[in-house]
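In what follows, chain A forms one complex with chain B and a second complex with chain C.
This part shows the complex of A and B:
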């Protein structure tokens, strides 16, 4: 176990290292000198030089890289060009909103996906199966942002739901309960968007996992023993199908991030995705760089967690 | 495999045929756009208060957009942009992924280790944020869009090609060719590539669908080519220029349905082709007559189940 553990952790750290290097060099080598981002025709040559000194751009590249790594280690991601505040502070504020949204959407989509996927496999070849299959494929093919727009269009005009944001602007609340009710109203449509789009993938996956297990000999054995079909499903098929599902959920987090960016843009949800889009529009490179790093590292660790969880659930992988 | 057999099993797989027809219609619309479209997309329209977001009518079957232009015309010409980006980007992905997969699978050892680790690392880094960063730094425009989507979309292909190469490499005829003195490049070109190619083609279909989704997402986020009206770009304009508050559903709904049409067609076609090239007994003991099993794309080890994910075209 310990060998497997060390290997996995080692690869995760190596990947983080790769991302850090990539992140540094992308923003240095590619066209887009950070000093140019603070562009203003009134700037004199001296003040441009001062900006370069301030951001450490006058030093040789290797030195800049070491400084960057040292600052990272201290949790210093630089200062936002636009807001003149530490990038780390801005990101942490938005991180919680994104986690709230992704968390709710992920849990709901997994539950929905498992239920639909098992039902489809169980009733394989029937109208339930085809319905679930076509629905999931359609959800897979649907752009998340577009589905969100349609829901927003319909929900804000027909249901009177808020058009975006996290809280009603200028509202004051008598209790935390009222405040959360308002947040809930704002979260409803983004969460539904997210849930439906991602449930499609989980349904497809769960369905094929259960079908694979139905083809195993031990299912035939269980049937020959005279066990009731439902019993077979519950005791033999479901448990084994849950195994790969755990992994797929964690591995999907990378794509989950894409969904979060799209949903946040459509519903003006003040999260990391919104931060990234805004920072591109404002050419706020420190924020963009920090947000990318934070997202990539989160996904890497989610994957590591999945690997470890999988090896805990299925001891066979530790041996190979 | 014999030609007859291929078409037989392909047509027996109805979903694949439906996907093929859906894609063929989209490609036909893109090619014959000037013949089909009711208006010329480049004519300047004199914008008045009446033709901004005007609802569907006899003149404009799908109404007009924020600039008073015909939505149906934009939709038809948008097919060109989306499909071109999809095809060219996936071509880049296939060349990179195919080369890496072939080299890794054929040479094995340290080369394989390094290449596959690189693939794994790229597979873990979330696609969309990296795409956004690259475009923010490189600038907007169709060639850049094709380039960045292409160079990030090859990981799935590399994995598929590598595992196929591994199995072909051990076949008798490859060993015989080596025994009579054939060089590595010759063996790869004449013996391995022809057997790996069909699988690459199947993979290509799914890579194209991922590329088209990526293009529309980036365009919607305002990172597309602003001078070319792809479906994603139409949605971006509609969203940011008040179609929602104007109640102009006709400029919101059609582009999305068009994206779904093409991506769904490609997905069905890809799954169908996969079933033809990779036939496995899809039966289970609890049900009989299970005709259609559109499983998520093939899995290589526990990690690659991520293939069900949205942006991986594996």
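This part shows the complex of A and C:
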């Protein structure tokens, strides 16, 4: 087990190293001089040169790379061209907001997807099955931004929910829970959007996994043992059916750090996705570079998590 | 209960025939299947008659071999006995009398109580029949936990309970196992503990743990391997574990559906020996399904040869081997090597068993039969009685018949 663990972690770290290298050079071969991002027509040539020196862009590429790696090791991701603040600070602020949103959305969509998927498979061929199937396909096929806008329109006009942001602008709060209540109100619609879109996918995966398992010989064995259908579902089908679903969920987790972009944009949620869009528009390369690194690392560690969860759920994977 | 049958098959050599008088209430009779017919229903197509009027009996301690090619209805027969046919399968006719009660009259809940406790099954591919993500021990413990611990002290309590009409009595009514006066708890695999927790009938993990160890020991597996997973076992061990699992609740009948098919010859021999030994020790009644006539000769008391969903020939093992009457039995025997005639040539039967949804009008074997004549193609032959315990469904034996069974 520990051997397996070390091997997996080793590979993950190696991949991170590769990403660091790629990520650095990716932004150096992009068209345009990063210094030009500091737009101001009044700047003199000398001033621009000063900016280049300030961001370390005057040094040769290998030196820049070594400096980048050294700074990275110290947790320094550089300084934003636009905001003149450390990239790490900006990313961390927004990352928490993103994690709050997709954390809630992921937990809810997994629960909803598993329950619906298992119910559909268990009652296969009934109205429950068809309902879940059609609903999930529709949810999966619906564009996130469109669904978000419909919800936003409906929620803000009918339910009086806020139309965007994380907090009501200019509001002051008497206590922390009032503030959280406000956050909750702002979070409700984006979370629902995210949940429904992803729950559809998880429902379909779970349903087909459980149906596959029901055709296995050991389910016949379980029936022959006289177990009741609920026991068979709980003790023999669920854990086995979780295997393919765990993979999908874990992979999604990595991508949704970035994949929440649509939801964040529609609901003006101050998350990582929003930051990425803004930075692209402003050609704020240091922020983008940091964000890309963060996304890559989250995908790699979501993969690692999937591997480890898999080995916990499936004893056949444990032995190496 | 046997008054309806004439020429009821009698003495099986191993069973002490003095007990079994014709027409008498046969104490040793465990399973009495009569005229069992099963159809597979497919949408918009004629039903496939997978079994037609299959009748046989199984007594205590008897091992009945059921042989035939693939697609002859052997597995369908076994699954119908446990009422575990796939959704398309329907039992359209017949009776499955088990200890005097017709299993076909039970509701689903009562049937679930009979499964494994009274009729257990050894499946053919032990790799697939065991759940890959659960330990072998937990899977053996599972039916014990499911079917109460009543069976642990008394070898055949169900046997008696059934006759008193209390087969489904709850173990909670039996204060004996209330648990407080039992051994201190011992550590068991987490899954066993979990299983037990959900079955209020079981209050002592120690008993369950010990029972699993005993069962594994019985089939020659070291009990400390109980917490391993099926993939950590060899093919032979998995099959042994499967046998241990089948024995878990002291069933009245064990159905062994080609238990040695996937194993190499040495392991196959070990498994057969194990089955034979266990049968002697525990007085098991076994339905042994196989392709292999050699194996049948070795371990079985009686043989039922099936072809295309009907009984071709049914008798004790000596009769089948020494004077087979049905051409199909004869052809099958020719396809197996015989040590007494090492130079005789092995032959195969040309063709395939019939499609069950397009059966021939006459005898189902007629299209492949070397002896077929005009009548064989017109109407299916009835099952002729050729002696006290010998039946064959072939017009060729008409003259020697003793009676016709409907």
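In this text, the second predicted complex is superposed on the first by the 312 of 320 C-alpha atoms of A that agree within 3 Å, B and C clash if a C-alpha of one lies under 4 Å from a C-alpha of the other, contacts with A are read in each partner's own complex, and residues count from 1 in each chain.
Methods note: a residue touches a chain if its C-beta (ideal position, glycine included) is under 8 Å from a C-beta of that chain, and two chains touch if they have at least 3 such contacts.
Just so we're clear, the structure is a prediction, and the values are computed from it rather than from any experiment.
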Contacts of A:303 with chain B and chain C, given as first, second, both or neither: first
Which of chain B and chain C A:223 touches, first, second, both or neither: both
Touch count on chain A, higher of chain B and chain C: B
Touching partner for A:89 - first (chain B), second (chain C), both, neither: neither
Which superposed partner A:214 touches (first chain B, second chain C, both, neither): first
Which superposed partner A:71 touches (first chain B, second chain C, both, neither): neither
First, second, both or neither for A:47, with chain B first and chain C second: neither
First, second, both or neither for A:236, with chain B first and chain C second: second
Common interface positions of chain A, toward chain B and toward chain C: 220, 223
Chain A-touching residues of chain B, taken from the complex the two chains share: 117, 120-121, 124-130, 132-139, 209, 213, 216-217, 220-223, 232, 235, 239, 244, 247, 249, 252-253, 255-256, 259-260, 263-264, 267-268, 281-296, 302-303, 305-306, 308-312
Residues of chain A that touch chain C when the two form their complex: 216-218, 220-228, 231, 235-236, 239-240, 313-316, 319
Touching residues (chain side chain A, partner chain B) in the complex: 11, 14-15, 18-19, 22, 26-27, 30-32, 122, 124-125, 130, 133, 137-138, 140-147, 149-150, 152-153, 156-157, 163, 201, 204-205, 208, 211, 214-215, 219-220, 223, 229, 232, 244, 247-248, 251-252, 254-255, 257-259, 261-262, 265-266, 276-277, 280-281, 283, 285, 288-289, 291-292, 295-296, 299-300, 303, 310, 317
Of chain C, residues touching chain A in the complex: 82, 84, 112-117, 120-121, 123, 125, 128-134, 142-143, 146-147, 195, 198, 229, 231-232
